[in-house]
């Protein structure tokens, strides 16, 4: 298969959808991103990446970071994490607080905001926020084999504008499900969301999830096999909030979307696909990105369900 | 791989769990099933089935039938079905009415009770209930290559005891989402749930879902490929009500459970697994059955996520 | 005070609002009521009634009937009624099923539909539906000192169109909170809602609630004093569904509205006010009726809160 | 009537219930209050107060303060307050966040925590927190004709332990329904809850609500008549969270309870009753206090519903 032609075809298919949808506007730094950006990247077992469009331009990975910190937290606290966060789809938007009340402060899964805040808290242990952020950044650099940085302006405005996430965090704390000071935990959470990476970097970084936890290039075991499968399972059932069923239905691959317009998709045994375009659909998933993705799975027949 | 040894090992592993959990007791015909029944069956591409324990004894397939009628309804009304029922996990128990009110009578997905009632109504078109039940039975006979019957006693007591499903159906009707007379639709619904099949029969019948919609033995296209994948996707995200995330997490395969204690599991490209044991966990999934299933995926490494 | 002038002033004040709002249209018999009808009546301790506009024309009293059957049921089963239905405002629309699920089939209060269905069931004991309807009609005739009838066409179409109430009733039955056959209970419920009375008749019939349970004209104790106060309390907190707080806030008197456009209001120690106009506001309360009521309380200063 | 004998009889009736129920324990300062405290006070039109038990000992008035700040805020912003907070019972516990999400940050009423936080914010205008707290304290001193203070230890621990209220406040802010800095608003809220007053002082302070807004002793108009009635209406429908219907049903008077164990009750045209005992029932209302109250209304026949 000519993968370079594939990413270019996907780019072309999605091109007319660029600029459609709504760019996240809750912080100025996201609001002023050029809405017509569109990047498509595929990374394969041998570490090669095929890129089209704006695939080399860094963007705010936002909630896609949740997939990586989940793996790190599981490495630290193992299955004890599941005492603090569930594994079920929520059937609700990413920032819903409703189930949290009924379920006494235990978030439905680690890929909604409340769950990811709990994951940050668990990942911290008793360490200071900066040390934890360094661990996350170090991990992303190692997996992408490139320098990766936090967009300081985004991180700062996330914190300023983050009243809803702040509310979620205090709510969790009210139920005793945050062990560190709330503002410390939020400081980790807001910074992980503000990591800036390109489609190509992100595709490379996620490769271990397609190969049972092992980096196919270096051969290093990044997470144990069962953990990689389970992270994929969570991406499949919970990776897109109340649009997760739809994504499984139409794309058929584990994925995680971010409000910055990126989507990381895992093709088990083959590689990863990352698309990016800032315009979002009503469920907060990149609109043009989804079109590019659909074209790729259509052409390749990639699906975990066949 | 020695599949016969595999099903026997799975049976042995689950044996000590027989009788644990709670047998469905809302109708006498289900309540008096011997709780220590345990069957395990695997069907493969060549049509061979490997069976252990009570795998040849018919049981009430209950909600597992929803997977097959969904395929039939999609054959009749195509994508128009999705105007009447969604594709998202509900995050709620199988018989919850809460979301139905907020979402104006459109059930979250076709695998919860309300959704399956809508599927029955759509499958009927304007046909009488008996004709539709004949179509369903005919399909199950064809796919299992065996005689398959409805347990009349179960069907009758389902209807008598089915006040909650009756409530759901009238609720759907109140929102205009049932086109046939409510009692007619329920008559189809209750009878499809009362179909009696053995693990072996059910494993054989579901085989086409593991092979992109094509029966691997006869070569016949039972459903088109994209439809087979999508049914698998729905089983993955919604097949076990508010336990779906857990099943994806621990088993990693598309599956559908029934309150009679059966679980149909699809292994794409390889075959199907059916387990049966009447004792249920809190989420309504067979307890010993899940243990047998876990052993099989552990031994084989079967998972769509690697 | 010149009460005749008062009701006429209230009529005039509300006149320009006649025809505004939405006439209940779920059954043809209600939908074709002339939307510009407007009646105002006040009944006083000596039994005199002052009437304006269409106050002598019978209309479908609908949910106002719930107040009277509540008193009858309490007479039969006493405080045991409260094992089956609560006494709290629901904060939800009249026909919401959501709380019923969380609260396991015990309706929040007897003035929402689900609660009134339970009241009917309790009032029935083990008696046939017709006998119970006769008791209700007999009571209304006695209290209004006039002939009162059920509008047969309304009753029949209520039953036909009543899929939502039917759903509620089966839901209650699923939780064991209906002891008689569901359709029998509904037959009482639909007929009590279809009672036709005029403003004047209804004002006269409700008089005992303003005088601690005693009919001020005949001196007969209709309900015991504490029961009368408690029915008034329920009308105050729950009489207008999710508009009850608003009614207490702006009118300051116990009241009960019906979807037919009537409102019965109790002025403790003084008498009753009944208004009728078919156009409803978003919460299902008569729009012009509320204007007439506001004028009366403004002029008289009637309020339980001063 | 011998009011002194009345309060003493009420005290005796409730005495055996002292110490039952649960003392609020979320902050140490409340947790270590002697659970067997019990005070009963009645204030009358001429300003006399009749006191029994611990009625002269100051306690933390907590949510009872909401009634007074509501009046103050209405004085400042008038009906514009109702753009920010509703007037309907919530049907939910005092600190529920669920409806806030569905209703986009507009609390159901001013007597639940979220609503009272909004009231504080509106009362502030753009003034600093300390100035607003001074206004509240000045008002309480004027109305009780005594010195009234904030319990600094309670205020401080409220703030420290107040993660749930902090979560509510940030949630409101996320919907743009808090205009001042969240921590400033909370500083007012936590201090108003920490006001310490005795039953006698509180009974005297609330007297204007029983006399259409006019202080019956000084003759001063504290709030305009319609506002007094409306505050009473809100106390009736919303004064006890999801126990409001029950209180209206059994006591029949407008009231407001606090988690410190106090209950302020208004007897329109006659006076006020204040009871205090720290042990709470499941709905957060003083258990022994309610017994004392029941005895008083039983003896006097006081009820707005007759």
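As written, the chains take the letters A, B, C and D, and residue 1 is the first residue of each chain.
As a convention for this text, a residue touches a chain if its C-beta (ideal position, glycine included) is under 8 Å from a C-beta of that chain, and two chains touch if they have at least 3 such contacts.
Every value quoted in this text rests on a predicted model; they were computed, and no experiment measured them.
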| item | value |
| --- | --- |
| Steps needed, at minimum, to go from chain A to chain C via contacts | 2 |
| Chain whose Cα centroid lies at the greatest distance from that of chain A | C |
| Proportion of interface numbers common to chain C and chain D (over half same, under half different) | same |
| Inter-centroid spacing, chain D versus chain C (mean Cα positions, whole Å) | 32 |
| Length of the line joining the C-alpha centres of chain B and chain C, rounded to whole Å | 47 |
| For chain B, residues contacting two or more additional chains | none |
| Interchain contacts, given as pairs of chains that touch | A-B, A-D, B-C, C-D |
| Touch list for chain D against partner chain A, complex | 96-98, 100-102, 163-164, 166-171, 173-174, 182 |
| Residue ranges of chain D in contact with chain C within the complex | 86-92, 99, 108-109, 212, 225, 228-230, 232-234, 236-238, 242-246, 248-250, 252, 254, 268-269, 303-306 |
